[in-house]
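Scrolling down, you'll hit the structures one after another.
What follows is chain A paired twice: with chain B in the first complex and chain C in the second.
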Partner chain A sequence: MKSLVTIREGSAAHWAIRIVTAVLLVAILLWVPTKGSASLITTSIEAMTLMSAAMALNLVLGYTGQISIGHSAFLGIGAYTTGIMVSRWGFSPWVTFPVAFGVAFFVGVLVSFPAARIKGVYLALVTLALGLVFPQMLTWKRFSWLTGGGSGLPLSCPATSATRTCAGVAKTTTGFDIGPAQKGQLQTFKIFGHDFFGDLRRLDNKSAFWYWIALSVVVVIYLACRGVVKSRVGRSLIAIRDNETAAAVMGVNLVRTKAFVFGLSAGLCALPGCVVAIKTGGVSPEGILSLTVLGAITFLIAMVIGGAGSLWGPILGSTLYVFVTDKTGSWADDDKIPGLIRPLFGWSKISPADGIFALLLIILMFVAPRGIAGLWKQYSPLVVRVLPRPAGTGGTPEPLATVSATETTNEGEPQ
Partner chain B sequence: MDLFLQRVIDGISQGSVYALIALGLVIIYRGTGHLNFAQGEMALFSTYCVYQFGEWGVPVWIALVLGMGVGFVLGSITEVTLVRPISKKSPFAVFIVTLGLFRFLNWLDGAIWGNQQLPTTAVGSKQGRFPSLFPREPEDHFKILGATIRWERVGILALVLGISLLLYLLFNFTKFGLAMRAVASNAESAKLTGIRTHIVLMVSWGLAAAIGAIGGVVMGGLNGTVNLGLMFGIFIYGSAAATLGGFDSPVGAVVGGMIIGLVENLASGYIDWVGQELKLGVALLVIVGVLLVKPSGLFGTPKVERV
Partner chain C sequence: MSMLKIEGLTAGYGPVSVLHGLDLEVGEGELVVMLGANGAGKTTTMRAISGLIGRQGTIEMEGVNITKWSPDHIVRAGIAQVPQGRGTFPELSVEDNLLAGAYVRHKGEGVRDDMERWFDVFPRLAERRAQKAGSLSGGEQQMLAIARALMSRPKLLLCDEPSLGLAPLITQELFDVLGRLNTEEGLSVLLVEQNANLAMHIASRVYLLETGRIVASGTSAELSADDSIRKAYLGF
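Take a look at the complex of A and B:
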């Protein structure tokens, strides 16, 4: 395969590409909350929630090869932890993030024990049932003292704690109330004259603030996934995916590794749940679509389209999914469809997004099982090829052969 | 006692619907070793078609046969165009494709018929309710030992048992059934003996989808309506039934379905805290329990893994 430009890893040109990419990325991320429209911010938050969940799922499915269609339940656990802690006990929403992680981690470890024995599509069946049961558990009358039953919980201070300060939660609003701003006074954070955080006092302007919360969650999850995948644990996950028996023979502790990855994935998946609860301003079984089993299928579709078993795959897939879904959301109404493609979708009584992505998923499985990230990896060398650093010049005592070996297997197709 | 008897009959009859979905899953599993996640949605598509035929004034039993025909064609096409080429890649790819098909068919139903409950006057349905295969007026029942047994329930049970008998005859006393069993036992050897395995597999998928269609129509008749979420729960119950009975045993599918229906009805009827909300939890427990204790199910053959 010929490529237009060939550069060495770590050369000046390679660093230039890296820096330009990073600057572009940061510029986009800053542009959205400051200059973007309100609907763009909302859509971006949705995309970031989805990519957080998809990245968490990727750990279990993409890297370890354990099929889960029940991750919506973990997201729901996160959302309900926030809902219950804030509205029943008056905690600050900040506190709920680590607690949600802990609770979901525990549940994830519990799920991993049967999962250690149940394999392949059977595990898919078990997790699918888990995903279906979870929303029903929330409406269970025995739990309604905690979960609020079918109507759910609003994210506001408990009525009984009128005397308490209700740590950091504004009684009337749907989310955060940080800082000691006086009533009627607008509280803004201006950096270089740009209002990055929006007006925290006004509801319609809170989205900029939520945006940063959602983005922080994405960054935390990305770093966690990257840390795990590039480590010894990550290599054992990939070994399990590629051949479970061989991995066990080579000394991978299957039960412990699966328990860890399920717990971590569940815990990480709970974090976007907290974001959704805060942004929605309450939790209910029907109010949050991502905690139903359709949500879990959406995580999976976004992840596989982007590229299972790659770090950037879920991010690409989720962005594409949310923006296309948003764009086509009103297409049930024929007049909203752009004239050129109206004959293609005009007959559909609902938005065509689900159908488009289902078809895309099926087609991608045939032509590019590693998703968009896989296509990028395959075809980007046609333009710029980055030659890996030759062994021995890295200056590290570690043999580089193992490093490059993991680099290649990291992006492998899950079996 | 009378209530107990009634719950037993209702449970078994309800379970027979699960048995139909489970039968479809088992037929496909025996043929290709795949779990078809789109089984419920294939049935749902046929169910919507039956509704449409009803709108056009086709009598319900003829509509059922036509709906089964639609299911058969859908299943066969799926096997030939999607499952067969992709199964060369990996089981994971097959899973993703059936899941994609699940989502696609669900969307297609919504795109054609809309996402509201049908029939409804809002879209000008001529039928008052989804056509039922059996008489279901309030007086259509009989009493035995004080229990009120509805003819509809008995009819469904008889229908499912009849279909099971037909399948039994097909598997055990026809040449085609022999071919199906040969493919299930060892596809490679079956091919070497001159069996056209590709036709057998195609027909298996078609047959599974057609049987699922009956399940969908029966369910629609019981509920009186059809909507996009009709088959989610049924699919899980059906998979629980197939797991319990053993994924490669048609007898197991029928028995498993009836046990699941029975347990579900008795548990929600007698154990106060189970209620309506945790009925699906029963199915989940059954799946997990069976897979942990006896993965081959009640009637299945244990799987030996080659390293």
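Take a look at the complex of A and C:
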């Protein structure tokens, strides 16, 4: 395969590409909440919660090869931890994030013990049961003292603490309160003259603040996944996925490793749940779609489209999923469909978004079984090929003679 | 004290018992070959030693009873297995496969040095160090599987039919390496094989396994002197 440009990993050119990409990414991330419309911000938050969940799922499914169709329950645990702690006990929403992680981690570890012993379709069924049972449990009468039953819980201060300001939560709104504010006055603060956060109580109807919370969760989960995947544990996860017996005879404790990764994945998946609860301003079984089993399937689709077993896959897949669904969401109305493809979808009285994704999924399984990230890996070398660092990875470049040798062996026919 | 001593080993899968009281010994620095037809229980023996399946009887390593130990403890004790069908991790690079092999060791214990050392022994792996293991040829993958097992610094190496699906020339090369590891490094090896002729060349002692029991044992010379054995296993 010929490529336009060939550079070496860690060279100046490589760093230049990295820096330009990073600057572009940061520019987009800054542009959305400051200059973007309210609906764009909302869609972005949706995309970011989906990618958080998809990244968490990717740890068990993409890297360890354990299928789970029950991750919606972990997101739900996160949402309800926030809901219960804030509205029943008056905690600050901030505190609920680590607690939600802990609770979901614990439940995830419990689930992992049967999961460590079963595989494939059986594991899919067990986790599916978890995903199906969870919303039912929430509406169960015996738990309604805690979960609020079918109507759920609003995210506001409990009535009992009416006299004290409930830590971090404004009494009347579902937002955050960082200090005294005049009635009707927007509560904002500016950095270098730019209003990045919008009104902290969301009185301006622009939820830029929520955007930053969702983004922080994405960054935390990405870093956690990256840390795990690039480590010794990460290698053992891929080892388990690719060949369990070989992993075991290398000294990987299968049960313990699977329990850890399942717990971690569940704990991370709870964090977007907290975001959803805060953003929605309350929790209820019907109010948050992603805590039902449909949510789990959405995580799965977003992850597979983006590329299972790659760090950026779930991010790309979720972004595509949310923005396509958003754009095609209004297509039930004929006039909203772009002229060229109107004959294709115009007959439909319901939004064709799900149908489009189903089709896309089928096509992708043929052209890109490794998702968008896989396509990128396959075709980006046509433009820029990054040669791996030479032997030893000490960073000292080797003579050019070795470079050409590496190149030819890289192209050796797989057998 | 022998490296590995097995007495009355019974093992199998669920209700099906494959081994019925197997006795076997690997002395320190010995290369022991276990021959047997398909279904004799060779792989089952390997899996039982590594702790992958339920087992009864006694398995001792350097005098310590390890029968009830978990697979990861057994690896830490110094037994590494090259599983049948190689079992390299296709999605990991050659280097990462080797690092995965050092899973039970900790950083800074000379893992990198060991890697370079096995690259010297298997120069073809060194050429392909950044390549994904899935893109290697069968012979290269088998070498990778052996090098990976060696990365845990084992005292005893279990090799389950390394010649499976390899060309005779590659098999010869592989057995040369195993023989050298045994004589030069003093590594104890238990080698399971169907390819009796080649294996017996490098063997200190040979066991014959038939339907879950050892039916004969001795040095290569002793066994090939026995007419019936020679006809059944060596084919001449």
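Throughout what follows, the second predicted complex is superposed on the first by the 379 of 415 C-alpha atoms of A that agree within 3 Å, B and C clash if a C-alpha of one lies under 4 Å from a C-alpha of the other, contacts with A are read in each partner's own complex, and residues count from 1 in each chain.
The definition used in the following text is that a contact is a pair of C-beta atoms (placed from the backbone, for glycine too) under 8 Å apart; a residue touches a chain by one contact, two chains touch by 3 or more.
All of these numbers come straight from a predicted model, not from anything done at the bench.
*Asks:* Should A:Thr245 be classified as contacting the first partner (chain B), the second (chain C), both, or neither?
*Replies:* both
*Asks:* Can A:Val220 be said to touch chain B (first), chain C (second), both, or neither?
*Replies:* Neither partner.
*Asks:* Between chain B and chain C, whom does A:Gly309 touch in the aligned arrangement: first, second, both, or neither?
*Replies:* second
*Asks:* When the two structures are overlaid on chain A, which partner does A:Asn253 contact: first (chain B), second (chain C), both, or neither?
*Replies:* Once the two structures are laid over each other on A, A:Asn253 reaches chain C alone.
*Asks:* If we overlay the two complexes on their shared chain A, which of chain B and chain C does A:Arg232 touch? Say first, second, both or neither.
*Replies:* Touch status of A:Arg232: second partner only.
*Asks:* Which chain makes contact with more of the residues of chain A, chain B or else chain C?
*Replies:* Larger number of chain A residues touched: B.
*Asks:* For A:Pro388, using the defined touch cut-off, is the partner it touches chain B, chain C, both, or neither? Pick first, second, both or neither.
*Replies:* Once the two structures are laid over each other on A, A:Pro388 reaches chain C alone.
*Asks:* Once the complexes are superposed, what residues of chain A are shared between the chain B interface and the chain C interface?
*Replies:* Residues 245, 414-415, which sit in both footprints.
*Asks:* Under the definition above, what is the set of chain B residues touching chain A in their complex?
*Replies:* So the residues of chain B touching chain A come out as 34-35, 37, 82, 85-86, 89-93, 95-97, 99-104, 106-108, 110-115, 232-233, 236, 239-240, 243, 273, 275, 277-278, 280-281, 283-284, 287-288, 291-292, 295, 307.
*Asks:* Quick check on the complex: what are the chain A residues that touch chain B?
*Replies:* For chain A paired with chain B, touching residues are 65, 67, 69, 114, 117-118, 120-122, 124-126, 128-130, 132-133, 136-137, 139-142, 245, 293, 297, 300-301, 304, 347-350, 352, 354-355, 357-359, 361-362, 365-366, 369, 413-415.
*Asks:* Show which residues of chain C lie in contact with chain A when the two form their complex.
*Replies:* 50, 52, 70-72, 75-76, 80-81, 83, 87-92, 96, 99-101, 103-104, 107, 116, 126-131, 134-138, 145, 148-149, 152
*Asks:* Touching chain C in the complex: which residues of chain A?
*Replies:* Of all residues in chain A, those touching chain C are 232, 235-236, 238-239, 241-243, 245-254, 309, 388, 391-392, 405-406, 409-410, 412, 414-415.
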